[in-house]
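The two complexes that follow have chain A in common; it is paired with chain B in the first and with chain C in the second.
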Partner chain A sequence: MDQAAASEDILLDLRNISLSFGGVKALIDISFDIRRGEVRAIIGPNGAGKSSMLNVINGFYHPQEGEVWFDGKLRGPMKPHQIARQGIARTFQNIALFRGMSTLDNLMTGRITHMHENMFWQAIWKGRAEKEELAHRERVEHIIDFLEIQSIRKTPVGKLPYGLQKRVELGRALAAESKLLLLDEPMAGMNLEEKEDMCRFVLDVHDQFGTTIALIEHDMGVVMDIADRVVVLDYGRKIGDGYPDEVRSNKDVIDAYLGVAHD
Partner chain B sequence: MSPAVLNTIEVFLNGLMAGVMYSLVALGFVLIFKSSGIFNYAQGVMALFAALTLVGFQTGQIPFAHLINVVFGTDYHHWGEGMNTVLAIILTMLIMILLAWIVEKLVLRYLVNQEPIILFMATIGLAFFLEGLGDLMWGANIKVLNVGLPSGGSFWWEDVTRTWASEGSDYYGMYIDVLDVWAAGIAVVLVVALTAFSQFTKTGRALRAVADDHQAALTVGISLRTIWVVVWSIAGFVALVAGIMWGAKSGVQFSLSLIALKALPVLILGGFTSIPGAIVGGLIIGVGEKLFEYSVGPMIGGATENWFAYVLALFFLMFRPQGLFGERIIERV
Partner chain C sequence: MIYREAGDFKTSYSADQQTFPIGFDRWTVRVVVIFAFLVVPFLINDYWEKSILLPFLIWSLAALGLNILTGYCGQLSLGTGGFMAVGAYACYKLTTMFPEVNILFVVLLAGVVTALVGILFGLPSLRIKGFYLAVATLAAQFFLVWLFNKVPWFYNYSASGQINMPEREVLGFIVSGANAEPWATYLFTLLFVLVFAVIARNLTRGRLGRSWMAIRDMDIAAEIIGVPPLQAKLSAFAISSFYIGLAGALFFGVYLGAVEPTEAFGIDKSFLVLFMIIIGGLGSIAGSFIGAAFMVLLPVLFKNIMVGDFGWPTDTVQHFIFMLVGGLIMFFLIVEPHGLAQLWRITKEKLRLWPFPH
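And now, the complex of A and B:
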């Protein structure tokens, strides 16, 4: 593959990222890329820097060194909301939903990056703003159907059980129709059935919408099943990168993360 | 009906009217507290500042006239006959938006993620600054604010209620200030408009989102700074309305900023995060203090209106610290 085609193919390219908090080095010289349309998993033991990595990608953290190339362009210093507008949506390890708002309203906030009508039109709430609202509403209803959460459309999400909250959060990220979807432990704390459901949704999202997904997950079975490629972090360094099979047989990874005796 | 019953009804109605005025101030507090967790001590001063500016524009005062005269030895005070009330209100609103923008630019921006107490202290500073600025810009004399709203007792209501009294009594009807009725009407419109705005518009939804979770709001692409300017502008607008009503009622004077203190018990009753709470809290305080003054006041020497609201708030703190409509406080261990 020649250079141009390769860069065309790559949605996000992280080059030599280093991030530290005071004396603590969270990420040390990490480079990897995410190709368009793939499911990329980031794994590693606790404290390996996985969430820090995600926070760098969506702009909560600004790395001291390194470059982030998104969609073929070098990204300058940006605020998280600007990065969201560029097309990166995410979910959080400890669910960050708008707890007082209904499921429907939560998903509608996901559409904010696509709404354009100005405050004057909204204030008089007629005409174009109304039309726009309805168009977005349709998209959101589609996602609600897709995630099978019709029955909780009007429920304030604070009242929902954990598993459903996770699903609503995924829905809000989907509503953004982003180029890149970051999922921070989408299955953490779920029971087996909920995990299987979530797995199915992630794969369906990938199939139906062709969304590029980067996800952090602890369940190795899940990772090996759904990821196209895997990057492994340990103590802020990258120790493995490649297809699931390669990673699984990588000795560093086995030592650091799986920690099981090999036969 | 006997005159005693009618008198009580009259006190009750006047209490409601007074309560609406408290609610108007409390509303501004709730808006800012809900969306940014900041208790804006300067809300009362913002109402004062808005009223001062409005009168200044209306009567054609030159801002900073005193300062200019001292520095340049001139003697300017007015630049003409003043302007149309509607135009003055629009200009004042623009000034309040500008103020919101400046507050975000110079104060809030640097205090993101600080403790609430730090932000609270910043708003105290802002309150003193605004009070001084208002003084310097428009002078400290008491001003008359006339925006063309009718005022004075309603003769119609007096006549109607006179017929309610039982035959032969010398009851001469209830007194209700028309201005108060207007204030109540305007407050209702304001609340309906604000509620509709927050429920049905994109910006309103963004406001609620920010109020709920800052981090999540950022990730869906909401700019906190823009939202804060919007919120402070809306609070400025509410302050303007409150300033107009209070100013028209009792003149534009610097003690107006102290009405902010009356809003505190209102907020404790209604809950700091609830718009309906601010309204209901204001009404309860208004009615409560008027009825208390009327019934118990004479027995204990009067002037109970000065402290009744605070004592009531104290009782509420004991039994329902989150207020009537506040979110329930649940501490998970």
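And now, the complex of A and C:
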């Protein structure tokens, strides 16, 4: 593939990102890209800066240096909710569902970037607001079917077990129908069966909707199986980037994970 | 046995998301509304109007307003009394400046004025949260009451410092002032409460309501999935203040007729409304009504029983009621911290299965 075609293909391009909190350097001069339609994994030991990286991508942190190019455009100073509207959705490491709301309402909230009827029509409800609501309900019901969570549609999410909450959170991110889906440890704290289910869902999302996915995950087996390309961070620096096989045999990566003798 | 979903199949999403999914509830509500509009006006007398129905309706409206802000959007406010005062004074100033404008519109406009003031005092909520916001709204409470006491323009330079509601008509029937018939004031208030309760339900079930609840449950996640916090919080402040302003305008214009701000709209009123929604149920439309009924009607009921039936001295009864109501508040909060609306919801769940719970 030649250079021009490759740049057409790139959905997100991070160039020389540096982020620090006071004296703590969280990310140091990191560059990598995410191609359209791929599953890109970000891995690294604890504290490597993976979650900070995601927070930079969805605009929650503003890097001191570097450029974020999304969908061919350089991102200016923006608020996270504006970036969500551009088409980036995410899940969180610690479940961040709206606990007081039902599964259905959580998913409907995920579609909030697509709903536009103003306050006046909503107050009247009959007519435009109801029509919009039903159209979006239809879309959300597809996702409910897809994730097989029909039975918990009206259950407050606070009452659900952990595995299901993770699934609902994935559903909420899917409901946004975003261009880029960021998954922050979607399989953390799950047993083998739940992990397999979740992998299936991630791959199905990728196949059926063609969504570009960036995910953080600690389980190396999972990462090597489902990721198209992997980027490895350690202490805020990028130490590896490439196809799973390349990364697996990279000496720096092995050192970072297994530790090296200090002499 | 009648309380069943069985056989009541929902075949469309619009049927599935209706307000009262159970047939029995739908019919009860219809009967109650028809009764309230068509039967009660013929039975009502001065006592029922002034001591029971009007205060219940008006406080319900105020509770509804605060519930939108605190229950749905999670922004704690202690400024309710102050915002009610804004509604009352806006109503007074507007109706004395433009006597020819129908009182219906004056009350609505008073709500709009209060909404604007609410937005102004809601601005700190973009920076501060929780108890700190409560303290900021407390400032609104004291400032507004002070303002209406100190600036004579607001009370039209009257010697007493009070405001007095002039006589106003709707469709030829007097609804304010001393000559208003009980049924007219009752219907006027009921109309507002019913219409705005339906609107509150509509607003909270859709996009706006979800963005409020998202901010309440987890504000950072809400922002990241695309809820603009500025819009969500300020719209909650605006709509909540609108309702509270309506309640203030009705409280002054239709119910009391004459008010003095320190007494009528003091900090105790802010707490009263807050207690209503805590006991009734945060984030519940029905809870606002139940809470208002609890705080307004229970003391009246006890008083009637103790003074009327037992013949106890009034002052003893007064103190006894304080203790009794206080005790009941604690009792219900221990039984169900999420309020009476939640208790009712659980009862409904049980009723559906009754008499075979397994």
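The definition used in the following text is that the second predicted complex is superposed on the first by the 253 of 263 C-alpha atoms of A that agree within 3 Å, B and C clash if a C-alpha of one lies under 4 Å from a C-alpha of the other, contacts with A are read in each partner's own complex, and residues count from 1 in each chain.
As a working rule, a residue touches a chain if its C-beta (ideal position, glycine included) is under 8 Å from a C-beta of that chain, and two chains touch if they have at least 3 such contacts.
No experiment lies behind these values; they were computed from the predicted model shown.
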When the two structures are superposed on chain A, do chain B and chain C clash or fit side by side?
clash
Mind working out whether A:Arg137 is in touch with chain B, chain C, both or neither, as first, second, both or neither?
second
Contact-wise, after the overlay, does A:Ser20 reach chain B, chain C, both or neither (first, second, both, neither)?
neither
Answer with first, second, both or neither: which of chain B and chain C does A:Lys79 touch in the superposed model?
both
Which chain A residues contact chain B in one complex and chain C in the other?
58, 60, 79-81, 84-85, 89-90, 92, 96-101, 105, 108-110, 112-113, 115, 117, 119, 122-123, 125, 129, 133, 172, 176
Of all residues in chain B, those that touch chain A in their complex:
196-197, 200-206, 208-209, 211-213, 215-224, 230, 327
Quick check on the complex: what are the chain A residues that touch chain C?
58, 60, 79-81, 84-85, 89-90, 92, 96-101, 105, 108-110, 112-113, 115, 117, 119, 122-125, 129-130, 132-134, 137-138, 141, 172-173, 176
The chain A residues in contact with chain B across the complex are 58, 60, 79-82, 84-85, 89-90, 92, 96-101, 105, 108-110, 112-113, 115, 117, 119, 122-123, 125, 129, 133, 172, 176
Residue numbers of chain C touching chain A in their complex, please.
13-14, 17, 199, 202-203, 205-208, 210-211, 213-214, 216-218, 220-229, 235, 239, 283
